[in-house]
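Chain IDs A, B, C and D follow the sequence of writing; residue 1 opens each chain.
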Amino acid sequence: MVSKVLVANRGEIACRILRACSEAGIGSVAICAPNDQGSLFTELADEVVLLEGESIGETYLDQAQIIAAAQSTGADAIHPGFGFLSERAEFARHVSANGLIWIGPSPEAIDQMGDKMTARQTMRAAGVPVIPGEEVEEVDEAKTLEALREAAQRVGYPLLLKASSGGGGKGMRAVHDPADFDQAASAAQREAIAAFGDGRIYIERLLTGSKHIEIQVLADRHGRTIHLGERECSVQRRHQKVFEEAPGPTMTPELRDAMGQAAVAAAQAVDYEGAGTVEFLLAASGEFFFLEMNTRIQVEHPVTELVTGVDIVREQLRIANGEPMSCGDLMIRGHAIEVRLYAEDAANNFLPAIGPLAVFRPPEGPGIRLDTGVREGDDVTPNYDPMLAKLIVWAPSRIEALQKMRRALDEFVILGTTTNVEFLRDLCDAQPVIDGSTTTTTIDTLWPKGWNPPHDLTLEDASLLVAAGAETLGLHLQQRVGSQEGVVGPASPFATLNRRYP
Amino acid sequence: MVSKVLVANRGEIACRILRACSEAGIGSVAICAPNDQGSLFTELADEVVLLEGESIGETYLDQAQIIAAAQSTGADAIHPGFGFLSERAEFARHVSANGLIWIGPSPEAIDQMGDKMTARQTMRAAGVPVIPGEEVEEVDEAKTLEALREAAQRVGYPLLLKASSGGGGKGMRAVHDPADFDQAASAAQREAIAAFGDGRIYIERLLTGSKHIEIQVLADRHGRTIHLGERECSVQRRHQKVFEEAPGPTMTPELRDAMGQAAVAAAQAVDYEGAGTVEFLLAASGEFFFLEMNTRIQVEHPVTELVTGVDIVREQLRIANGEPMSCGDLMIRGHAIEVRLYAEDAANNFLPAIGPLAVFRPPEGPGIRLDTGVREGDDVTPNYDPMLAKLIVWAPSRIEALQKMRRALDEFVILGTTTNVEFLRDLCDAQPVIDGSTTTTTIDTLWPKGWNPPHDLTLEDASLLVAAGAETLGLHLQQRVGSQEGVVGPASPFATLNRRYP
Amino acid sequence: MQHIFASSEGPIEVTLARNGEALQLSGYSLTQHDRGRLLVTLPNGGKCIAHATKVGDIWWVHLNGRTYRWERIEPGSSSARDEGGLVAPMPGKVLDVLVRQGQSVEAGTALMVLEAMKMEHRIVASTDGRVTQIHFQAGEQVAQGAVLLDLEEAE
Amino acid sequence: MQHIFASSEGPIEVTLARNGEALQLSGYSLTQHDRGRLLVTLPNGGKCIAHATKVGDIWWVHLNGRTYRWERIEPGSSSARDEGGLVAPMPGKVLDVLVRQGQSVEAGTALMVLEAMKMEHRIVASTDGRVTQIHFQAGEQVAQGAVLLDLEEAE
């Protein structure tokens, strides 16, 4: 019986899960690294445990410390969110071994899907089509590069290098020319080791001009495994999604049925439980290939929630509690679009940016949902992923959803830190986005030399007048004091308060 | 062809309509009384016309000035919102006579429905059941009270006094005891004259223990008149709705069909065009009676939007443009609840309150919609209706919607002005609200001597510590400067800017 | 760190103890969390985030979904509470005066009708007493806080 | 009311004229609208609401969905723009140094690999030139704005 959930995550997804617990009447515990004190998610939890340590490895990835926090607070379940420990079968085993409920699939299912090679084999056996490719597992470091080179030769160019236990674009490199292979392979391996502690690399044929379509699945312990339709997430930069929508703009009911059935078959093949996503590449030919299964809640789950009316996180809680899921037959209504708001310089190869969120005013009005982990006055630091928030809109039709997204992005004011808001706004006016003909190479095709904000001399001049005028009027003297104020130091009683009274 | 809309309103409904125009790619003009300069809605319009005058009569009710503003800015349509001139047939005629499109039904339809007596006759003829009652139209002021007294005798007690051309609870009084009749009638008449310039009073049998159920209708010029299901708005204080939901918690598909058909018949009887609402009383017996038809968009339209997936304001724009409405068959999903956030002292007979919104932090997260006309730093003044915002939640089920509303109200922080947030929060825990057995007398029954916030000595003590601690820490010295700052005076160039460059 | 706040039962004196970064009051503890937000620990160990802001002399405090107001009394100043005047709760217009000067009234008697925000509000006697002065007549505008009538409490 | 701002083409001098409550600059006009918000009138008569806030020396301006940054130069101070140093765009760790001191490089040559926010970033030469100094070695932590290498521009 789930009565108190520890959320082993931070930022916007921690906020999402903590609010769901609060609505469900379930107690909640947040964990918090010292540099996250004062973050929004810590305010939404019933209790907060301050972790010891500095790096991510010492805090949000420290399994022993997290399980101890659950035990000291009397939490009986752990929700991993996404990223961090969410796809570590070993952690899921640890959680269960300590008598806690793991909100997610079994460690066996995570293992089978987490290892790209095993997943491919399992899928092939279940009759789900997979992309041609192979994995290189070479213990001798000196020989790895050679082995990778040979495998690349067999798979053929263009190809994609992926960390075997990766995700989120880390350790991923596209190689179009054999001459670039060595440098790309070394970088991919280094990133893979740094991010996942596992340098195995998987080489896959790169299917250019394909769409990235994924199917959300839900499975409970009462024998029910269903899908909630598709999301199209083709628009990616650096292999990371930035623009996601549901339903897919070119999807047909027949294809949805076929892909949905394949996704359900994939989940059933590993006795899946909870929420998961089966990712496919949809080729221009109409064929689709299994890419991987994400055995956790996904960043872009809100678009599915808005068009299906299912609260996926709430269903996760129900399923983990042994209840049947509450949603009925699939019923897709209207259209939802999500954009990911990053602190990054889109005009400079999407370089992550940092700074204070001196002004942070999200758009308002009907049909807009903002899943944020930050608020005005917060600092964006280099310690974590630069995703600030997700802006999601819903409207009765795709064209209205795009109109709403344009309006919402125009209204969004963020000052003090460079963000990709203008890039996202331009994306909404790009022809492939308007057509719904986006593929995984759309951004590279639209801006082969990188994106730059459109020049508008009138606005630029006006902005100069504003800067000069604001200085003249002394607006900076009326401003709220900056971001240094009120920061709670590591010696603050905040830490001990939560430990003293679990 | 609608290409630029003047919104003849202010506050949250002006924001709602201006954003809809922006999304639809339609130009927009706001009108603004001098005491509304700097208000949120003026920022959402493409152009703003500053009205001359002080009182509401001289500004938002000044038909000539509003039509002149439309003409000088080249607007080709007027959206009246609700309240103000929205149900003045004379204004609708004026608008059309000046070659502008009136976004609403014909003046004849407004007249037929606006006059309670005519509406009753029309409805009876259309086969829609009405409540027993009668109107008193007595020109000789001295004899009015006598005539009202006699009519009251015929209708019987308990009874309800209503302004014939009223709405929104103004000029309305319930009388349970003949001894209270004279005072109530005088007050109702005075309020009716002050608010609507029309002192005619209508006396109706008071059906206690009934539910207030209303049906949203839409009609286009292509012969299609549909209903979007019901809203239950039984929970009222001072005859003003505070808690509205869709679908009705006790509604059956059969009753929805019957009431929906009656509402469509009512609309068709007056050749209705656009969005309107037919209000019914649903007696405990299951019988329903026509109350009145509101020939405009309604405050509580968002709950219907959330469960049906129809953007009602967008459909208004389409219909006024001569297009067929875009929505398909009625499809109700999940449950939506709206509460009206008032600046008022719920513990003191709901007396309107004023003050600065020194802190205004709405709740966030999935399933929450806030339609607001204010933002942090604004002042609440006695010049206008004290409704600050509408908080609306959607969830897959009614019980989850109530859970979400509780969480949302707990998260809502408003400091500097007294509001009814705590009252609304308590309402969510009241048994009739949990049961769905609310009637129009629920609030009076729950709190016969008036509502008071529950006493919690621990929290009270803690709040005292916070006040003392905040003073000690000097939090007030770090605060943003108060509400007086940056107010644009009447002599500001803002006024002339908009007039100079239409 | 001693403060005085007004309450319906008279002034309350609050003396805080400082313990490191925490401020304490009989089992309750307070630390600053972030801009305008404070972390409160209750005697039972529960904690909550409080929002606080000061408007004029009044501290507005939001805590666990509840909002409290505490008027701080500057040391040495006298409270204006007990003067027997009936004040306008908000700006508006006097519609009707229902009593005469010198008239004896019971608690609850309606004394004046005020119009504000398009609604009528009745000003009623707070205690049994005698109307000693009427400051406004029908038709006059009144500012918020204006003393409308003086009521001498019955002994 | 003269201000100097930095731009890619050198400093810009801006002199505003005051006209009543409005500030003007060649056909553009500006008035204060509300806290942190300004009303701008464009030469074609169009108007828009601008948000502006200052962080350090930089004015951040939001206007019609676009965000602009203007670094204000205090009169008398010198700009640090033209020093030829390649600075760390954000705090991070040096993963690899790809050049030697004294090496001649072409514009676009990768000089250093930096890890920040769990991603690798390459520091590339901004012009043809010669590496005169390397300030950090692999494994070292660098602060944002730290000069990583000095590059002498080729004549």
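Here, a residue touches a chain if its C-beta (ideal position, glycine included) is under 8 Å from a C-beta of that chain, and two chains touch if they have at least 3 such contacts.
Worth saying up front: this structure is predicted, and the values here are computed from it rather than measured.
A-C versus B-C: which has more C-beta pairs touching?
B-C
Looking at C-alpha means, what's the farthest chain from subunit A?
For subunit A, the chain whose C-alpha mean is farthest off is C.
What is the distance, in whole Å, between the centres of subunit C and subunit D, each centre taken as the mean of its C-alpha atoms?
Chain centres of subunit C and subunit D, defined by C-alpha means, are spaced 52 Å apart.
Measuring centre to centre with CA averages, how many angstrom lie between subunit A and subunit B?
Computed value for the inter-centroid distance: 40 Å.
Take the average of all CA coordinates in subunit B, do the same for subunit C, and state the distance between these two points in whole angstrom.
30
Which integer distance in Å separates the CA centroid of subunit A from that of subunit C?
Using C-alpha averages as centres, the distance is 50 Å.
Could you list which residues of subunit A touch at least two other chains?
Correct list: 478, 480, 485-486.
Which residues of subunit D are in contact with two or more other chains?
32, 35, 44
Sort out for me which residues of subunit A touch subunit B in the complex.
Touch residues, subunit A against subunit B: 15-16, 19, 22-25, 302, 305, 309-311, 314, 326-327, 331, 333-334, 364-367, 369-372, 395-397, 400, 403-404, 406-407, 478, 480-481, 485-486.
What does subunit D use to touch subunit B in their complex?
It comes out as residues 20-22, 29, 31-35, 37, 39, 41, 44-47, 49.
Show which residues of subunit C lie in contact with subunit B when the two form their complex.
1, 3, 5, 12, 14, 16, 23, 25-26, 28, 30, 32, 35-36, 38, 40, 42-44, 48, 50-55, 59-70, 72, 89-92, 95, 115-121, 144
In the complex, go through subunit B and note every residue touching subunit C.
Residue positions touching the partner: 170, 187, 190-191, 194-195, 238, 348, 351-356, 358-359, 361, 382, 384-386, 409-411, 413-416, 418-419, 421-422, 425, 453, 456, 458-473, 475-476, 478-479, 482.
Give every residue of subunit A touching subunit C within the complex, in rising order.
Residues 38, 43, 47, 377, 480, 485-488, 491-494, 497-498, 500-501 of subunit A touch subunit C in their complex.
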